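Letters A, B and C mark the chains as written, and numbering starts fresh at 1 in each.
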Amino acid sequence: MLVLRRGTSLKVFRKGAEEACLREKAKLIMRPDDANVAGNVHGGTILKMIEEAGAIISTRHCNSQNGERCVAALARVERTDFLSPMCIGEVAHVSAEITYTSKHSVEVQVNVMSENILTGTKKLTNKATLWYVPLSLKNVDKVLEVPPVVYSRQEQEEEGRKRYEAQKLERMETKWRNGDIVQPALNPEPNTVSYSQSSLIHLVGPSDCTLHGFVHGGVTMKLMDEVAGIVAARHCKTNIVTASVDAINFHDKIRKGCVITISGRMTFTSNKSMEIEVLVDADPVVDNSQKRYRAASAFFTYVSLSQEGKSLPVPQLVPETEDEKKRFEEGKGRYLQMKAKRQGRAEPQP
Amino acid sequence: MLVLRRGTSLKVFRKGAEEACLREKAKLIMRPDDANVAGNVHGGTILKMIEEAGAIISTRHCNSQNGERCVAALARVERTDFLSPMCIGEVAHVSAEITYTSKHSVEVQVNVMSENILTGTKKLTNKATLWYVPLSLKNVDKVLEVPPVVYSRQEQEEEGRKRYEAQKLERMETKWRNGDIVQPALNPEPNTVSYSQSSLIHLVGPSDCTLHGFVHGGVTMKLMDEVAGIVAARHCKTNIVTASVDAINFHDKIRKGCVITISGRMTFTSNKSMEIEVLVDADPVVDNSQKRYRAASAFFTYVSLSQEGKSLPVPQLVPETEDEKKRFEEGKGRYLQMKAKRQGRAEPQP
Amino acid sequence: MLVLRRGTSLKVFRKGAEEACLREKAKLIMRPDDANVAGNVHGGTILKMIEEAGAIISTRHCNSQNGERCVAALARVERTDFLSPMCIGEVAHVSAEITYTSKHSVEVQVNVMSENILTGTKKLTNKATLWYVPLSLKNVDKVLEVPPVVYSRQEQEEEGRKRYEAQKLERMETKWRNGDIVQPALNPEPNTVSYSQSSLIHLVGPSDCTLHGFVHGGVTMKLMDEVAGIVAARHCKTNIVTASVDAINFHDKIRKGCVITISGRMTFTSNKSMEIEVLVDADPVVDNSQKRYRAASAFFTYVSLSQEGKSLPVPQLVPETEDEKKRFEEGKGRYLQMKAKRQGRAEPQP
């Protein structure tokens, strides 16, 4: 088996007991419907492609040892940054690799690169980490065991286990914003939370679902980004694009036939960015025994771009109620934490 | 030129001086995404197909005399009944014919038939009447003249003129519900208006639009039916289908890049039917000079079906506020009028 | 540069002067909308994927030498066989390779493989050969020169040149069936040509088109297969699948905003196959100076499958008119020629 340099775009299958696979999947050319009116591909379109690649590679891996047939379900997506815009006419290349397995979960790293086939230019667009759990095809509540991966370096396994433990801790700490329902006001003033808040409903159809009949995580993420984008557009009234998405936990499965309500409201603005909280509620509709429930939530960060693609200052959010002021401060905290991480300092600086 | 029986889905081109064309368009086989979970094709999918056929035939007609290039825009759809359900796997046949032209408008009759290609069974699904207006391609605010149609019988022209005058009157009489904002309540009780009211937002994309860059009437109707269906499903919690749509007037164009908000609320229930009011508001978003405006509104009637396809009694709506009670009475009025028309009597009977 | 065995599924980029690239593009999971009610993916869906891969690789190649920007347009698709069915839930892998270039054209070979990620089974589904021509992005009527490819073996170039000359000859010999309009009859008898003939119209939208604003060859092929499928289904009334498509020449570009009419009629049946002729006409609609024109035509062969996937005898076609009998004989000729080729004999045997 040959080990080849990644940088020259060579791809390798490590077969047999070595389950970690690097698979490149070049997506089709990005079309008008994948993008906004300024020609930038929607962040949600990219999130959906990322999740499809992750679902394929982890489902294949989990079925590779002749055990019980299973489908890998998305449990969590770590924070994802959108490093550069992708445009209509470019080709998106999505490569996925399994980087760690625990007894019951699979960590997949997915890179997205955009290629302009006219100029030959290639740019890294996204790096994402996703966690999947194998669910038995016959019994969707039965979590199966994941076939182990063989690591080329000992450190890979240790580093992977640290990331695994960290995300387990974060998932338990996530405070579920249970009671919060987004209430629109009458004739809201520009730049307030009410002015831009938006919600969308979607009746889950067959194309949205896995073989199990549950909604693909990628479909949910795409809808979440659509709502976040509408909130940002209403607030700024300019060309807005997704800059990043915080970690998303998918706590509850959403079944085919449900009506999902995706609500978004702006929580915080810095000089050049907007944070939007997105909540996903599922309503079983036909199954009267089940009540409406919170299926996922996330924070999206958007920026505003000029016609030349330069980032613009965004109108400052005006929080009005106590809850809105509280969320503004929490958003500022997340913003400063991120800023500090990027600058390599341990504590946030104002 | 042959005169052929409509009922056998025959297609005829009457060329030359005779402008009225009978054109069949065999749509693609109905797919899972066209239908609900019970396998019935969405009323909105059919409305969209109807409008596409109408748009093609009237645009072609209006460009047939070497005048200024134009695109026909949908101005109004008369009341449409859904006579029988269409299922996944069936083929929808849509035939359109121009039945009357005034100086500036075109009346198109569209029939939809569903064909089960395995059994050979054919059923008439819909009969619809649509009114189109030719707008110059260069200047979308300029209404052009419609090339005249040649009628085979004198009475056709007189009857057409009567229908034309009637719809002109109805359009002027339609009171625009300006202040109405659909306000959801906290923890609403089942069977109330608040319990089932729903709204959906949609960012208008390139595929939704005509060559002018404005939203196809059929796209709007499909979104309206989606919201009406969700309202009905939340209320009944059974398999629900569109029974009819009242006349829809399209008063204002919706431009690409707008965010449209489609809201629906139940107004009235009879023993076996539900009336849902659907409002379409357009928000220009980026164009700050233009305010949000009402683009269309309509009343949809839905029925509830058992697993065998029989109509079921629907839970009775419980109007709470004064407005809700008023709308309930108005809905009852429309229901009784329709019932009377079907029974051929002049005055409504309770 | 490393040469690695194909059988271990290692992929290699031959960089620098070596132009021929083997690029694997793993398609996403096949969804319900990609398939018929029996769960078999539509032949047209696969044709569309094949063409998209061909368009990407040839456009990239033609732009690889910093010359005038261009987009590769599909000129011809050689006969394609569908070797085994693909099902919902499987992953389609499409790999494309440039195998020959002449001064103004590119030959691309595309293989499609279906993978069942639950069982690990992989099957070759299609092998296709497509010819592309580079058209300048600034001037769509200007055909550019193709950067030459470097062949690893001398014979590759000679064999390629033979294929190139052969298809050039075939294209010149194809007589365009100009006068033929598909005329439906009154109350047709089962098993006649009229009984199953079908047509479909499609308004070309932005998602259907290349950067030039012309329809992708793959979109046209997908629509052609849809009509052929409806004709076959009406005739057989069973689960039918595409078995093969004869060579398709794309003579005329179809511009965005056109209405395309795709008509299909059965020409010939053998014991277990059906041949369906599909004609594509484009109607500029808005641009009245341009007349309706024939844009493409092809022969599709369909077979009938039982519920277990075994091929069934098909009802024999009953040609009635002189034209139908003539087309039946021509179809029989094509059928026997193909049969002879497969059996390796020079002359067809009756």
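Criterion: a contact is a pair of C-beta atoms (placed from the backbone, for glycine too) under 8 Å apart; a residue touches a chain by one contact, two chains touch by 3 or more.
Here the structure is a predicted model, which means the values were calculated and not measured.
J.: Using the touch definition from the top, list the chains contacting both chain B and chain C.
T.: A
J.: Given that chain A and chain B are copies and touch, would you call their interface same or different according to whether over half of its residue numbers are shared?
T.: Answer same: the two copies use largely identical residue numbers here.
J.: Using just the Cα atoms, superpose chain A onto chain C and tell me the rotation angle to the nearest 5°.
T.: Answer in degrees: 180, to the nearest 5.
J.: Return the distance between the CA-based centres of chain A and chain B, expressed in whole Å.
T.: From the centre of chain A to the centre of chain B is 37 Å.
J.: Could you list which residues of chain B touch at least two other chains?
T.: As it turns out, chain B has residues touching two or more other chains at 32-33, 206-207.
J.: Looking at the complex, which residues from chain A come into contact with chain B?
T.: Residues 32-33, 36-37, 181, 183-184, 186, 198-203, 205-207, 226-227, 229-230, 233-234, 237-239, 256-257, 259, 283, 285-286, 288 of chain A touch chain B in their complex.
J.: Under the touch definition given earlier, write down the residues of chain B that touch chain C in their complex.
T.: 4-5, 8, 10-11, 23-29, 31-33, 52, 55-56, 59-60, 63-66, 69-71, 88-89, 91, 117-120, 137, 206-207, 211
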